[in-house]
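Dropping the structure in here first, questions after.
Chain nomenclature is as follows: A, B, C and D, assigned in order of appearance, with residue numbering initiated at 1 for each chain independently.
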Amino acid sequence: MVIQLKKDITEQNKNLIIKKLENSKYSCSQVKTQKDNYLVAIGKNEIDIRRIGSMNGVNDIHRVDDNYKLVSRKWKTEYSKINLGDGIKIGNDDFAIMAGPCSIENEEQIIDTVNHLKKNNIKIMRGGVFKPRSSPYSFRGLGIEGLKLFSKHCKNAGIKIITEVMQVSQIEDMIEYVDVFQVGARNSQNFNLLDELGKTNIPVMLKRGLAGTIDELLFSAEYIFSAGNEQIILCERGIRSYEKAYRNTLDVNAIPLLKEKTHLPVVVDPSHAIGIRQFVKPLALASIMAGADGIIFETHKQPEVAFSDGQQTLNYTEAEKLYDNMKKTYKFRKTLDLMP
Amino acid sequence: MVIQLKKDITEQNKNLIIKKLENSKYSCSQVKTQKDNYLVAIGKNEIDIRRIGSMNGVNDIHRVDDNYKLVSRKWKTEYSKINLGDGIKIGNDDFAIMAGPCSIENEEQIIDTVNHLKKNNIKIMRGGVFKPRSSPYSFRGLGIEGLKLFSKHCKNAGIKIITEVMQVSQIEDMIEYVDVFQVGARNSQNFNLLDELGKTNIPVMLKRGLAGTIDELLFSAEYIFSAGNEQIILCERGIRSYEKAYRNTLDVNAIPLLKEKTHLPVVVDPSHAIGIRQFVKPLALASIMAGADGIIFETHKQPEVAFSDGQQTLNYTEAEKLYDNMKKTYKFRKTLDLMP
Amino acid sequence: MVIQLKKDITEQNKNLIIKKLENSKYSCSQVKTQKDNYLVAIGKNEIDIRRIGSMNGVNDIHRVDDNYKLVSRKWKTEYSKINLGDGIKIGNDDFAIMAGPCSIENEEQIIDTVNHLKKNNIKIMRGGVFKPRSSPYSFRGLGIEGLKLFSKHCKNAGIKIITEVMQVSQIEDMIEYVDVFQVGARNSQNFNLLDELGKTNIPVMLKRGLAGTIDELLFSAEYIFSAGNEQIILCERGIRSYEKAYRNTLDVNAIPLLKEKTHLPVVVDPSHAIGIRQFVKPLALASIMAGADGIIFETHKQPEVAFSDGQQTLNYTEAEKLYDNMKKTYKFRKTLDLMP
Amino acid sequence: MVIQLKKDITEQNKNLIIKKLENSKYSCSQVKTQKDNYLVAIGKNEIDIRRIGSMNGVNDIHRVDDNYKLVSRKWKTEYSKINLGDGIKIGNDDFAIMAGPCSIENEEQIIDTVNHLKKNNIKIMRGGVFKPRSSPYSFRGLGIEGLKLFSKHCKNAGIKIITEVMQVSQIEDMIEYVDVFQVGARNSQNFNLLDELGKTNIPVMLKRGLAGTIDELLFSAEYIFSAGNEQIILCERGIRSYEKAYRNTLDVNAIPLLKEKTHLPVVVDPSHAIGIRQFVKPLALASIMAGADGIIFETHKQPEVAFSDGQQTLNYTEAEKLYDNMKKTYKFRKTLDLMP
């Protein structure tokens, strides 16, 4: 059960509600986000919700029979929109393109990429400064100094930054320079990190785990929301399957299913999904037709000399064709109605 | 190595070629299809192909470094088109829609469906008369008598039939009534069945195995081709993954990969892939944007009383919206260039 | 519901039972095997089974709430034993070792292997004469002539033969020479083949599909049983997983689960499971400790020149150590009680 | 390349070695552990290792062609033994049993379990105080206060503690009370956590990821080792597969493969692997026969009222039978030679 409380509800009235719920064997969690004030009540023995709905301080009340609650569309049927400021938005009829290199490598590369994005009117740049790498001997990113450079040039150009945060202690250092925190696939169930990101007011893009289920992804989003941060973007980035012909297997099925189950925007990363440059375009366009609210992909001036992931990275010419095709496809999709 | 022979090559000249290849440690297979005459030569120690290319009776010669040969685009870069007659074609700029019930249930249902398809100008009807079922106690289809009825009404209406063949002994009985033989996922590596279908001149739609790899699918197609039948359509129908939220996981990645690797047309079955009615449409449209040459899906006048697969079957109203959307999407896709 | 009928039940009495069941919305299948006479009744609305149990001609009656019926331990709690004759048995305290080459290659190899097995007192020889191969250009086995040679030497030595049957039309040719028909992983849901094998009185070893579920395996066994053949052995041979370090992933979990769910014997094939020679032994011994009723593995005089699967095949010295270790391990296991 | 340096090597001599390696395009990492002093050199262009081996300060030098280095058996063929003190050891002929509840629930439960373990001469107790849970609304453990109680009673009884650490900031608080840090499956690639655990001198048991590969597991172990901690235990705990009949799929194949590739001990967790109480025993015994150096499993006085994982938890009577059977099986295994 999700209970939306009035912002000015008194402590006394809130306690009355909680007491009534606990008497009916519900356990209650109080959630205060940037936007709103909730009670999440979990219990087996459903009571007549009108008895709660009519209490003082209650704005609205909804049964939610999913296991996750606040991220469910069962109580919030309208899709959420994430606002990055300066008119840049994601979700609910705002389509987002995020592009840039796998890793931030040096200042020159940042400037190059920023110029490329400005020229193409792309408003969000991706680029890793903390890189999760299977091997401890691989390049692990430029760190916070790289992020400061990244931020300086993007701010000047009016471009927003999405970059990965790997652990709790980085949040404080990064928060000044980041517009969207990315949680990588390997941290998709790093619950402490999710809790702490839930205490910030910076949007979070949460990637599905390497072999994460839809339910696990939504539960992880519930961690962030229930800790206080409603600004969550989900990202499908390919799952692990038996097929060896691709790096991962883009799970296009997840897109319409997530759009059915949650009000959160869904972004797709075709670069990490298939891992082969020449197939990024058809997968990006397919994802849009399946209902994606945005695409994040890798581009680099010279993919062949990129520090990481070169084999799945588009050069600028390829990226420009993709921007154009994605915009056309999104516009076309809006002329149809995807649901039956 | 694929060697295209002249149709009027003499036995003597052919034997000279084979002998030369065998001297260079190649093993040779002679393939005679409806269309052409080939030698497939397999060996480790590649010789100068011009020495073979200049021999009498050779039309053309191509190195093919894939493990499969005749189905590879390494020797035939132009996409194949499958011709069902009466102007109905699949592949290479002919988009195919195949619709109908999971199982043929009775004559009334056939007539209903035929009328529905005619009204919507859909030219290929699907419907099973031999049904592979996990349990021996489930409905296994109407058999050959059902197929005769199916054929009678389709022929009258100018509609082509695609239906599943489960074993070698059915081929002879079915051949008069079938326009496309479907090989189901469970028979994707039933090599004897593939061999025998290769001896017919009826097009074959080959479904990917339940957990079949791209390579296995192409090898299975190679069985059919090398036995003499070039008219092969591949079908992606969802793979088995760890995710329990769907029946199977549509592998959209397979579509552009197959279009890169083989000249054969690629059809997608979103109904069996995701197994949930309301998501068939977005997956169908996504598949088209990924490069599919056709869509096969399940429709029924009353899905809720269908003998099988009702939960993934569209009713006629839903199907009509999907026909319209698919045609628009295919037309839209042709305005773009999918490859980078 | 499984109803064991008396052997001398009259048609009239049988029809009375069926009628009573059909009146209660059950659908009935009559099953007559080598051993017994059954009715399998499937329905949602369970009736009081005593009302059926007391009818004339009924030997015994059991509710079976599994989806498969005749192969379930819900009606037959005692484990089945498969008798190959000459005192050679599998299951229910008879542990079976089956060894031999992947493919039968020539008469000399047969004689060699037979001598090796005789010396080690191994009573069942494996060896393929019809080989399912991904590529149509690979060696497909010696066929029926190879089987005749295989049979000749085994009969003389008192050794039983297990070999793969790939299609219905081979059954008749093979039946004279085979002691156990093997159904390969790719044919695990070739329902027509299962039906036909169910009409023979030769034991069948059914391999789990490449990505087959436990339920699918048991349903496939139900096909054979319900067609009349109770002599079924199940074989775990590795499943397809995301892990690339092995050929397949031996699913040791399947062993105790199958021993819980079905009365049929369970044999394990570690050679095809892991696909790496040096790990065949620990996996064989682990499988025995998990409850396996037998082990089938590949051995060859010179694995490095075997026609197929050499990398997973033991030489005779290795095989001899394995026979010894397996026998000791089985003996040791019998001193424990595997269930909690 | 792994270079073992003398403990008293001068900075000057070390720099000479590094310089020589860098001149040959190697990149070098200095690793100083509790035990030893290493250089890990990574490069494509292998030089004659004798030129390095003869330099001052070098103890030994080994080519390691695996991608991971320090955890590989290519340089250290003898198996490692982890010493927990008081004669309690894991690996290299010391078999370890770790048992206890999923979650530490209260003091009474700790005392009960400790008494049970003492009675059975089991020396290592498991129990979670920080619990990773899919849902933010589930019980997340008693935290550090629970750990203090846990520690108090175990110390008195001479029992060692293994418990999960979920994030970097917990290490400092926990370190006084923990004998083995457990890294859970969801944190298997939490590289920051691995780095920090590498700076402690407490043994670490690293679980394989939910769908982690063997290579990823070894790379994660390499993080810990290369950060300075050699005391690493690997844990196979079931992988995610398509099969829905079990919670996870115990990958018994991983055991002999890991014993071949790494010198680190390998422990198996059958409880989380199959997730069904009655199959824990056969899987534990099978794992021992496959080469496991230890078993960790869940036991609880009353599994049916456990706070978490009750369905896979043994009661004390079942646990006692398992201790006995495991000890016998390990003893039996030592009479055989598992490798071929």
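To be clear about the criterion, contacts are C-beta pairs under 8 Å (C-beta built on N, C-alpha and C of every residue); 3 or more make two chains touch, one makes a residue touch a chain.
Keep in mind that this is a model prediction, so the values were computed, not measured.
Asks: Show me the overlap between the contact partners of chain C and those of chain D.
Replies: Of all the chains present, those in contact with both chain C and chain D are A, B.
Asks: Which chain maximises the distance between its CA centroid and that of chain B?
Replies: So the chain farthest away from chain B turns out to be D.
Asks: Comparing the two chain pairs, does A-D have more C-beta contacts than B-D, or is it the other way round?
Replies: A-D
Asks: For the two copies chain B and chain A, is the contact made of the same residues on each side, with over half of the numbers shared, or of different residues?
Replies: Both copies touch with mostly the same residues.
Asks: Since chain A and chain C are copies of the same chain sequence, what is the angle of the rotation superposing the Cα atoms of one on the other, rounded to the nearest 5°?
Replies: 180
Asks: Where the centres are mean C-alpha positions, what is the separation of chain B from chain D, in Å?
Replies: 49
Asks: Just curious, how far off is chain B from chain A if you go by their C-alpha centres, in Å?
Replies: Taking the average C-alpha coordinate of chain A and of chain B, the gap between them is 38 Å.
Asks: Taking each chain's centre as its mean C-alpha position, how far apart are chain A and chain D in Å?
Replies: Computed from C-alpha means, the inter-chain centre distance equals 33 Å.
Asks: Touching two or more other chains, which residues of chain A qualify?
Replies: 211, 215, 240-242, 244
Asks: Hey, which residues of chain A end up touching chain D in the complex?
Replies: Listed in rising order, the residues are 27, 29, 40, 42, 67-69, 132-137, 166-169, 186-187, 189-193, 195, 209-212, 215-216, 219, 222-223, 226-227, 240.
Asks: In the complex of these two chains, what residues of chain B are touching chain D?
Replies: For this pair, the touching residues of chain B are 211, 240-242, 244.
Asks: Using the touch definition from the top, list the residues of chain A that touch chain B in their complex.
Replies: 211, 213-215, 239, 241-246, 249-253, 255-257, 260, 273-274, 277-283, 285-291, 314, 318, 321-322, 325, 328-329, 332, 335-340
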